[in-house]
Amino acid sequence: MSAIDLSPALSDAVATRFARRRLLSLGIPALVLAYLVYAAISFDLAGLAGRARMDNASVLLSDFWLHKTHVTRQNRTGALSVAIDGEAKGTYPADRLPDWIARDGQTTTIDLGDGHLVTYLPGGARYDVPDYGVIDIREGADGVQLTAPQPLPDWINASDTRVSVTTDAGRFAYTRAKAETFRYQPGWALFFFALDSPFHYMSWPQIAASALWGDRVDPSMPNIVAMAQDFWNNPMWRHGDVIWAMFETVLMAFLGTFGAALIALPLGFMAARNMMPFGPLRFALRRVFDFIRGVDGLIWTIVLARAFGPGPMTGSLAIMLTDTGSFGKMFSEAFENIDEKQVEGIRSTGANGLQRARFGVLPQVMPVLLSQVLYFLESNTRGATVIGAIVGGGIGLLLTQAIQTQKDWEDVAYYMVLIVLTVMAMDSLSGWLRRKLIMGE
Amino acid sequence: DEIKQFNIGIMGGENARDRMTSNECYRAAIEAELGVPVKIFTPADYDGVIQGLLGGTLDMAWLGASGYAKIYLTDPNAVVPVLTKQNMDGSTGYYAFGFARKDSGITSVEQAKGKSFAFADPNSTSGYLVPGAELTEKFGKLEDFFSEVRFSGGHEQSIVAVANGDVAAGVTWADGLGEWEDGYNSGAFRKAADAGLIDMNDLVQIWQSKLIPEGPMVVRNVLPQDVKDKITKLTADLHETDKACAYGVAHGEAKDFVPVTHAEYEGVVAARKLQESNS
Amino acid sequence: MLEVRNVTRVFGSRAAVDNISFAIDRPAFVGIIGRSGAGKSTFLRMLNRLTDASAGQMLVDGRDVLALRGADRRAWQSQCAMIFQQFNLVPRMDVASNVLHGLLNRRSTLATMFNLWPRTDIERALQILDRLGIAEQAPKRAEALSGGQQQRVAIARALMQDPRIILADEPIASLDPMNAQIVMDTLKRINVEDGRMVIANLHTLDTARRYCDRVIGMRDGRIVFDGTPEQLSTGVARDIYGADAGFNEAATSTAIPTDHEPDRSYADRMLA
Amino acid sequence: MLEVRNVTRVFGSRAAVDNISFAIDRPAFVGIIGRSGAGKSTFLRMLNRLTDASAGQMLVDGRDVLALRGADRRAWQSQCAMIFQQFNLVPRMDVASNVLHGLLNRRSTLATMFNLWPRTDIERALQILDRLGIAEQAPKRAEALSGGQQQRVAIARALMQDPRIILADEPIASLDPMNAQIVMDTLKRINVEDGRMVIANLHTLDTARRYCDRVIGMRDGRIVFDGTPEQLSTGVARDIYGADAGFNEAATSTAIPTDHEPDRSYADRMLA
Amino acid sequence: MPDSAIPATSRPDMAATSHAYFELLRRRRLYGGILLILFVALMVSGFRLAESRNAGGFIDGLPMLLAFPAEVVAEAWEKRAALPGIFIEHFPSLIETLNIAAVSTLLGGIAAMILALLSTRGLARWPRLTGLFRRLMDMFRAIPEIVIALLLIYILGGGPVPAVIAISLHTAGALGKLFSEAAENADRKPVEGLSSVGATWSQQMWLGVIPQVAPNWLSYALLRFEINVRASAILGFVGEGGIGYDLKIAMQWGMGRYDQVVGIFLLLFMAIVLIDRLSDHLRNRLVKG
């Protein structure tokens, strides 16, 4: 390369520019990093690591898709009940126990699988744990007595009033009042048909056959209707209530969003500089929009709850209120960015204000407004979940409470799947509508 | 004048679906009695029910004593207390219990000094108001005595939070009858233990409050007198007519529902007024 | 018919139109020429009442249209159609609807809001479009049309108004020479056949010479020439445009330079 | 140096490049001509590995560059610079940075992402820009430059790569004749002075005749001509372009028709 | 001038044209009418359904609308002297809320950048996996923040971290979609140019795409920050830290602490409005140049 003498000023100038840019491109990441470090300290990230309970995480993850069956004997009466998740509506009828439970007079044998065997005996119980030995419990005068290979491992928790054993196969607990065994099995139990439904005891091919040509289980209706009813009224999962709640949530979002759009349309006109010559009103409207937007929907929900009480209408009114603020602002901005030529063309024919708005303004802003509204519809479906939790309606209430009780994780999973599917469906629906309504008039 | 529908508010404590289920029989009975549609609402927190009663959108609810006091202090004429729960032993009260994990070594409130402490809900009588007032009286400002005072959001959450070790100690309610290992005869411990949420072996009791009056069932004051009477009678007779239903409504075993008046709650109202000022 | 008396329009401290007066007594084709900023558009917009005048009167059959307010003003606007350089149509609506907008002032607001037009109106709109040779475009969106076609839609809207006066503000400035000629020919035909007065702002001398019965020259808001096209000498033009001796008239021309025949015959075919 | 063996590229069911083979044994200036769609771009893009070949080999000093993967492929790209019709610079970045991009493959990714260029690199970039006569533009954004200047920036980026081969895909198609000449002269100079091979797609015969040592004609993905510019008769051209007897060579010409002198002297001044 | 001044010089195909247009018009009116009726019916029946499932009716409730705010404001007004003290007391909570929002916008934004580039047709590192990354973003967007936060509280205990994770995930999904739409419209020529010199994928993206889309991306991120401030306050309301939690505690107590409610609310509200204004201003400058 031929060395041509460059003007040193130029080369310096360029070098300085590079130095400055280098400072910037190192400085910005450094600043971000410094901020994150500050945040990590102020959020006590280090302490969190100690507090985090990974066993909870595994409980949660497994409970998402596991169910447990409680096998309980009231020691005083000897009554045995087998119930899914310990709930009354999940209780097996005494004559139709699952095949891993065997009853023989006073003795009940529970096969937890993998060689784990629990036996309820009169006045005590026994648990055979493979590779460990037999845990034997007797009721004595002064409490429960435990006989087991020593030393006791930490998965056995014993006092003289209570013994509990936790293994991979299940959980077992004994007090003077009752003996209880929990067996964990994969799947959402009784998701389709609960124990009170005759269809629970059929296999899938049997169900299909019975739906198509089987004898009527209930003489008053075809089997397929009976199945639908049993599914819909499933007392464990209450699909009917859940779907209703989901529907209520979507309804809140729908009413709130479109109601707000209808209200914000005229208000937006009045708040647009080029539509509203009267300044003070415009200014006042803008501040009103700012105010109702700044107060979150949740606060509005609480304010409205006094007047309208709990329920979906209150939720949709709260969404409507917040979105009126957002739409008012966005619509008025859209109106201010219109092409004035079209309005002028309409004006020159002697059209009045309404007609100018209808023909000069609406056709050009409609696509923008519509796509904003549809975008909000989708995000409000999510928002309605939260509002529903406060206002006592919809899937949000079911979900937050199921989480807060911290035991119905399979319900939580069910609701979450439903919500995600619904929001995704709303997303595609609004995308489809947007394409349909905006691309082709 | 006539009423067109009748709305019942049910406070938190269980998940919404279970609350609906355990009160369904009660709802049906009232509907049959009044001949108008009856609906149950289960807002996420105490405040939802209270606002509903104040605003007149809910006609009746079972409240905690503190919740009643809050309504009374906001608007003395909004509701009247009519019934309360009578426990198996004939008492019409219960206790707040302080508790901690057994393996934490804490056996009294003094030992929990400088550790974190959980109340249930600011509107809860046994979960905050009474224990808050009593402990403050004994140990001074609780924010200074404990390292952190937190509201878990409900009794169930307090128990789980302590059992999980998220907080060192907390309070919740129980009737104080029966055995600790079973979580007493009724109360939040019993529910949690029955549900398999906790193992009572893991917890110890560290404190017990004075007797707290059971919360009242209130009806809105402006309801027609005959409606109030019908509801009161139906509920008062529930233990005689439908035992299983009464169990669900009373959140567990109870002897009966018995009449009550505002006078029984003046103490709680006073405690609440006191707490207000030292917030 | 039209008498303009001492009309002035001030923007800020500058007078865009400065005390102009003239009268037109028959439905003539009047051209207004002048360089950019001379006040041509402002004058037309005042006559159409899109812009308010600062002072003066414009009498149409003895009535001062500048004094009209509210519904009267809109009624006047409907009698005085305006054609814009950028067409000013509603691009997302179809051509026929755009033409029907010419009737907005005559039909009830409620019906028009829902786009409900009587069948006879629609038929008339289609007839007008047919007259201008673009009836097949009626169902298309206005934005799908070429510039020349859009301007003819704008003229159709103006005709739909059944106006007494048609104002055209540089109607051919955004068009290519071919389309420009079609549009100007159309305006001329309307002027001659229907006997409607046309006042057009033009930015080229040759167009003015070719189509106008009378030419008004403006400069800095004042009228500096008012006469027949024949009187429009290069010297006068220099005066109007404020150009120096190097002024070359061809520089302002947009006419198709040589052989006009094929275009004209095409235009005639289109307008037949 | 470069040997192309039976290279084919199929898009869908059509072969854009259909089994072509040829060899170049010295750093010549090779022009590829052919009408639109003949497969010229596809061939260059395969050699630069922007597009994968369907079959065949391209040997550079005995190594098949079509078989390279990952980092090897990128290393080869850095030795084989490409100049595009649309320049393909980063418009929002300054000229010097664009030139430095030629080094991206040789410097660590992290350092380049944080703009950490050694001062010697920056100076070399400036020298190259100076050699191409646009050093003063170094601090400007690429998008602020004229087309011809942008193409010279692209050439500078190519030189920064210190490549063995420079590929140019219709480098002057978006330029006016003046700038086209400067760019072609520059490429020729690099070819002659630095001894780098240049392969350029050209869409005009006269450019090919004027600058190339060897011309390859493509039609429908096949090589239909391979020889010296002198062998490129009008008959051959007709063959390449698939034109009928009415083929008029001038129609493809972009050269400045008459007197070349002032341009040439200007170009010389610029490149001095 | 009468209508008949227009000569009826219709050409023969005029009748067909006019017929076709009327046919079109009829169809358009029919569809428009059906759509309108459908929409009105949905709105009306939806509202009536919602009202019937509500505890209180719409008309009955209207007169009560101001009862609660009046109660709150009246008490706060009485104790207005305490307001500055309340502001100071709760300011640290506000900072925590803002920190949560800022950190999640940063983390979510960075994740969104990567996800967006990975899922943009023509830019993706692994073109076959674009669909996967898109679905991933859809999922992130679909799950309400509150759900993730509540689940994480169970595992991580309370505090700001669950909120940060929850909001970050949502932000990654929401911004990712917007970012990818902007990247889709970016000019491909610079990328190809960089690719031709042997640049790696990250160099191509960093130098060829990001400078083009940066103004748009920044503007979206600012908007998101504004939204996240609100989200972080709301998460506080359902049980995390920050100013939302303070507000809930005060609100739940009710009468007697309404001065706190108003004070905290004003603090939060002013912060939101301030950020809203600032981001509006910055965004306008970014997009306009």
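Going by the order they are written in, the chains are A, B, C, D and E; count residues from 1 in each one.
Going forward, a contact is a pair of C-beta atoms (placed from the backbone, for glycine too) under 8 Å apart; a residue touches a chain by one contact, two chains touch by 3 or more.
Small disclaimer: the values here were computed from a predicted structure and weren't measured.
Trainee: Looking at the contacts, which chains touch subunit B and subunit E alike?
Mentor: In this structure, the chains that contact subunit E and also subunit B are A.
Trainee: Just how many steps, at minimum, does a route from subunit A to subunit C need if it may pass only between touching chains?
Mentor: 1
Trainee: Rounded to the nearest 5 degrees, how far is subunit C rotated relative to subunit D when their C-alpha atoms are superposed?
Mentor: 175
Trainee: Central chain, going by Cα centroids?
Mentor: That would be E.
Trainee: Most contacts: which chain pair?
Mentor: Top-ranked chain pair by contact count is A-E.
Trainee: Quick check: how many Å separate the C-alpha centres of subunit D and subunit E?
Mentor: 48
Trainee: When the centre of a chain is set as the mean of its C-alpha atoms, what distance in Å lies between subunit A and subunit B?
Mentor: About 27 Å, centre to centre.
Trainee: Just curious, how far off is subunit E from subunit A if you go by their C-alpha centres, in Å?
Mentor: Distance between chain centres: 19 Å.
Trainee: Could you please state the distance in Å, as a whole number, between where the Cα atoms of subunit A are centred and where those of subunit D are centred?
Mentor: Here subunit A and subunit D have centroids separated by 58 Å.
Trainee: Where in subunit E do residues touch two or more of the other chains?
Mentor: Residue numbers touching two or more other chains: 53-56, 61, 64, 67-68, 157, 251.
Trainee: Would you give the residues of subunit D that are in contact with at least 2 other chains, written as numbers and ranges?
Mentor: Where subunit D meets two or more other chains at a single residue, that happens at 113.
Trainee: Which residues does subunit B have that touch at least 2 chains other than itself?
Mentor: 7, 9, 41, 45, 47, 51-52, 55-58, 153, 166
Trainee: Would you please name all pairs of chains that touch?
Mentor: Every pair of chains in contact is listed here: A-B, A-C, A-D, A-E, B-E, C-E, D-E.
Trainee: Applying the document's contact rule, which stretches of subunit E touch subunit D when the two form their complex?
Mentor: 187, 189-190, 192-200, 202-203, 206-208, 211-212
Trainee: If you look only at subunit A, which of its residues touch subunit D in the complex?
Mentor: 1-4, 6-7, 10-11, 13-15, 17-18, 21-22, 24-26, 29
Trainee: Write out the stretch or stretches of subunit A touching subunit C in their complex.
Mentor: 341-342, 344-352, 354-355, 358-360, 363-364, 366, 441
Trainee: With touch defined as at the start, can you tell me which subunit A residues reach subunit B in the complex?
Mentor: Its residues touching subunit B are 51, 53, 56, 70, 86, 89, 157, 159, 161-162, 164, 173, 175, 177, 182, 235, 238, 241, 302, 305-311, 389-392, 397-398, 400-402, 404-408, 411.
Trainee: So in the complex, the part of subunit E that touches subunit A is made up of which residues?
Mentor: Result: residues 39, 42-43, 46-47, 49-51, 53-58, 61-62, 64-65, 67-69, 96, 99, 102-103, 106-107, 138-139, 141-144, 146-147, 150-151, 154-157, 159-161, 164, 230, 233-234, 237-238, 251, 265, 269, 272-273, 276 of subunit E touch subunit A.
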